[in-house]
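Right after this note come the structures.
Look for chain A in each of the two complexes below; its partner is chain B in the first and chain C in the second.
Right, the complex of A and B next:
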């Protein structure tokens, strides 16, 4: 009986430790006392076709679970935008001046990026750690690999994340429930804003899309360069439908 | 009557020189009418065939506990009711219908509207050999096999034996994938959206449902003409043991019923026509256009025959005056002229029908519209279908006959009312 209690206490303490670690990872990139705004320049390399570029402005208020994404380029998409308020997501299309209901799981554009990729991380809420491997060298970083399994209904039922010594994520592998590798994200650079960190550059590799170029299979790749970061407080009116309508 | 027919036929042959232009004109009108109607009926049959494969059969049975996905749980209660209905076969199916479904192969991907889980052995007769462009229909409990459409194969640049990744998002939003081997590529342009077939429990496992889960029962009829009657019969049999919605005429009507306040499990019986209600308007519009064209053609026939008969009666006034002078009554003369016009109608109908069937055979065999994506609605495997059932042939012939007779009545009456002596003198 004592052994069982001991095992329970050990596993509970491991679970609590893992949960705390995930909370720390989330906390480093979540701006819960300020707003976050930045410009995302997204370029998607489609093997055999070329590179498609688009730019969006992102405004986030993590404490209230709100965001606005507004396309500023190319011209064909200018004015299009997403608004998230009270767990509802609206897609605004300036072509017909209409809002339609959307979902964070939808793709941001015709690439591997989901709308949820632009939201703050919620690893502690959505995942539990199933395995930990320490001291894995990832380029210049000494990382810890955490294998995660979803405990809520999230985009990816299984994830592997590599965190550096500062608990910043450096690489993510997203898997389907059956264990198929769907995509890899490499976070190349962060920028510090006060005691928080915002991503400066991230590269996504879509493992399901690509083409053979010169006899070698090349995956579709999306690079996001994030600039003009700011953690200044933004006016409340930004997180409204009328903001999207006026800026279309 | 026989004498009248004989006289009419003799006069018709004697005046063939006068009739031949009119015969050509009415034959052309007949060819156009038969071809148009044949293609329209073929299009509708093709649409129904595609619809019954894409949706669950000619009649679909669905079960609900609220405004959500259909699940059938009382299979043991339902199947005896279905066994009691003659002239049909039924199959248990698992269906996944959610956005985000895709098939990936070698870096390429294509969206799928539906994944359909079937019992390979039971449903084998639905896929004939001619339905396959490549490969074959799987057997037994082959859970690795996948059947895809020609368009899907083309877009993925995939062939039989290739391994593909089936990507889905479950009802609860979980992303899942499965690797399958393409066993067969069936010929379909997928007007309703692309559908892929796999073994029932392979799909259940992919969408995280219990083995044996059935979403819909697909009923296939021996004779599709009886859909409404069999649908009503099934509904009445199910209603004896289970809660059912009223007979439904469209998916909108089903959704309306689902949104009402109700409890427990209820079953819906949807005929293919109810599933296709959104395109029934299109079919109705096609019928209206065809009807308008038919009316125009028939009017042209009536006017053409009227004008020709006015001229012909004038040219033949001496002959007709002689017949009257020999004792034929006015009524008999009218009947004689009308018999001639009816024989004209019958002759042109027969010639027109023969040419139409030849033209329709040529069109359906040699005209390949598979490259025209806009023609998908009207084609099956890139070819136009045509159907000319006997009742429609009889109907069209009847209309043409009536038009021929209608065009000849006034000239016939005028000829009969003319003074025989003046007619003989050619005045």
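Right, the complex of A and C next:
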């Protein structure tokens, strides 16, 4: 009996430790007391087709679980926008001056970027740690690899994340429920805003999309350069449908 | 239905790789990119070869604030000209049951199609809180080869009161309601387009409340007695958790008063919407009306293919005096739309609409693709049955017919 209690206490302590670590990872990139705004320049290389570029402005209020995305380029997409409040998304298309509401839309555009990629991390809430490996060299970083399994409904049922000495994520592998690798992301650069960190450069490789070029399979990849970060408090009017209409 | 199923199946075949193909191509996940691409830049771990020099004390630079500045504080003036020339033909083949009634002596109807609207738009934002916008439409009259008198599409002045709200006055547009392919009965903002209106917007309850006070533009003509046609429309649209819901209302002295409630939520991978509208008549000779929309929308996450279903139940005759002949009106629609997946290079859409009361409806399929820079070609095949009339580009296609619409579109926008 004592052994069982001891085992329980040990596993509970490991669980609590893991949960605390996930909370720390989340906390570093979550702006609980301010807003976050930035410009995302998204470049998607589609093998055999070329590179498609688009730019969006993003305004985020993590404390209220809402954000706004507004396309500023290219011309064909300029003025389109998303407003997300909790799990509802309003999509605005200036061509027909009409909003459509959706709860299932999970892609930002016609690329590998999920809407959840722009939201604050919720690892502690959405995942549990199934395995930890320390001292894994990833380029110049000495990282810890955490294998995660979803405990809520998320875009990716399984994830591997590599965190550096500061508990910032440097690499993510996203898997399907069956264990198929769907996507890999590398976060090359962060910027600091107060005691929080915001991503400056991230590269995604979509393992499900690509084309054979000269006999070799080349994956579709998306690079996001994020600039003009600000943690300045934004007006409430930003997080409304009216804001999207006004700036379409 | 079989046809739609085949289309969906074919579209997915062109875009989804089989797992076997991927496994052989990708190999070990960690080395995938490096192994399969010669370009060193595709080695993702290579991006981490040098440590990120995070500036821990990055000052709040001017640049750091400029995203918001670009939106709210920059003075700007934009003038743009947009044109869209559409030219094509409608060729309708009548079904034999219509021909037998001698409505038409020919077995087909041929209609040329030409539209060439040109929009001149001015968007002035002299101060962060002030905006003037106008959009004027004109077109070339092909018969006289001259421009027709320009019409004001929109013309308004907008004032933002910091975080409190927004006022917009003038001729403006808005579209409410949830129906996508069936009658959008809850669009209480549709009359605003033909009127002079004042809009107030307040950011409340996770999104906002819009109030429109509008009047028929004829109010300003001294000899018009229709001055009572003043209306008020309001829309509250908000979201909590998995639910997007809201209410709208329209109050007018000469039209039925309307009240609508709607909710959208998600079940698995499907958006489900329910919208109920109640129109109350001022006069006893007219009956009240109820319309209830239920709709489902599924979007495939990889291909972007949307599959939707809508159903409208209208038990309005419940309120009619002669209750004996009560017939409920039912209309249903299905649609398939490929947002990004192409079928042999063509964007594809299909819809089926059926009126259960009249036993009539239409099945339409449309293909579109770019053929030259700025030029696209549309092929649309609408099939109507039991005298269901389809309107396309202000042309009423004959009921019970199969039409072939061939359309070329040239469009562009110049911004100064």
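One rule holds for everything that comes next: the second predicted complex is superposed on the first by the 243 of 248 C-alpha atoms of A that agree within 3 Å, B and C clash if a C-alpha of one lies under 4 Å from a C-alpha of the other, contacts with A are read in each partner's own complex, and residues count from 1 in each chain.
Rule of thumb we're sticking to: a residue touches a chain if its C-beta (ideal position, glycine included) is under 8 Å from a C-beta of that chain, and two chains touch if they have at least 3 such contacts.
The structure displayed is predicted, hence computed values, not measured ones.
On the shared subunit chain A, the superposed partners chain B and chain C overlap sterically.
Of the two partner chains placed around the shared chain by superposition, neither chain B nor chain C is touched by A:92. Once the two complexes are laid over each other on the shared chain, residue contacts for A:217 go to chain B and to chain C alike. In the superposed model, A:170 makes contact with chain C only, not with chain B.
Judged by the touch definition given at the top, the superposed model places A:66 against chain C, while chain B stays out of reach. Which of chain B and chain C touches more residues of chain A is settled by the count: it is C.
Of the two partner chains, both chain B and chain C are touched by A:180.
Contacts of A:157 after superposition: chain B is touched, whereas chain C is not reached. Residue contacts after overlaying the shared chain place A:82 against neither chain B nor chain C. Once chain A of one complex is fitted onto chain A of the other, the partner contacts of A:208 extend to both chain B and chain C. The superposed model shows chain C running into chain B at a single listed stretch; among 43-51, 115-123, 187-195 or 295-303 it is 295-303.
Overlaid on A, the two complexes show chain B and chain C touching the same residues of chain A, namely 105, 180, 208, 210, 217, 219. By the touch criterion stated above, chain B contacts chain A in their complex at residues 100, 104, 106-109, 165, 167, 169, 172-179, 206, 208. Within the complex, the chain A residues that touch chain C are 37-39, 57, 59, 64, 66, 70, 72, 75, 83, 85-88, 90, 96-107, 110, 138-141, 170-171, 173, 180-181, 184, 186, 188-193, 197, 201, 203, 205, 207-208, 210, 216-219, 221, 227-230, 232, 234-237, 239-242, 246-247. Chain C contributes residues 16-17, 19, 22, 25-26, 29, 32-33, 36-38, 42, 44-52, 54-58, 60, 63-68, 70-72, 131, 158, 160, 162-163, 165-166, 173-175, 178, 180, 201, 203, 206-208, 210, 237-244, 264-266, 269-271, 273, 297-299, 301-302, 304, 339-340, 413 to its touches with chain A in the complex. By the touch rule above, chain A contacts chain B in their complex via residues 47, 105, 150, 153-157, 176-178, 180, 182, 208-212, 217, 219-220.
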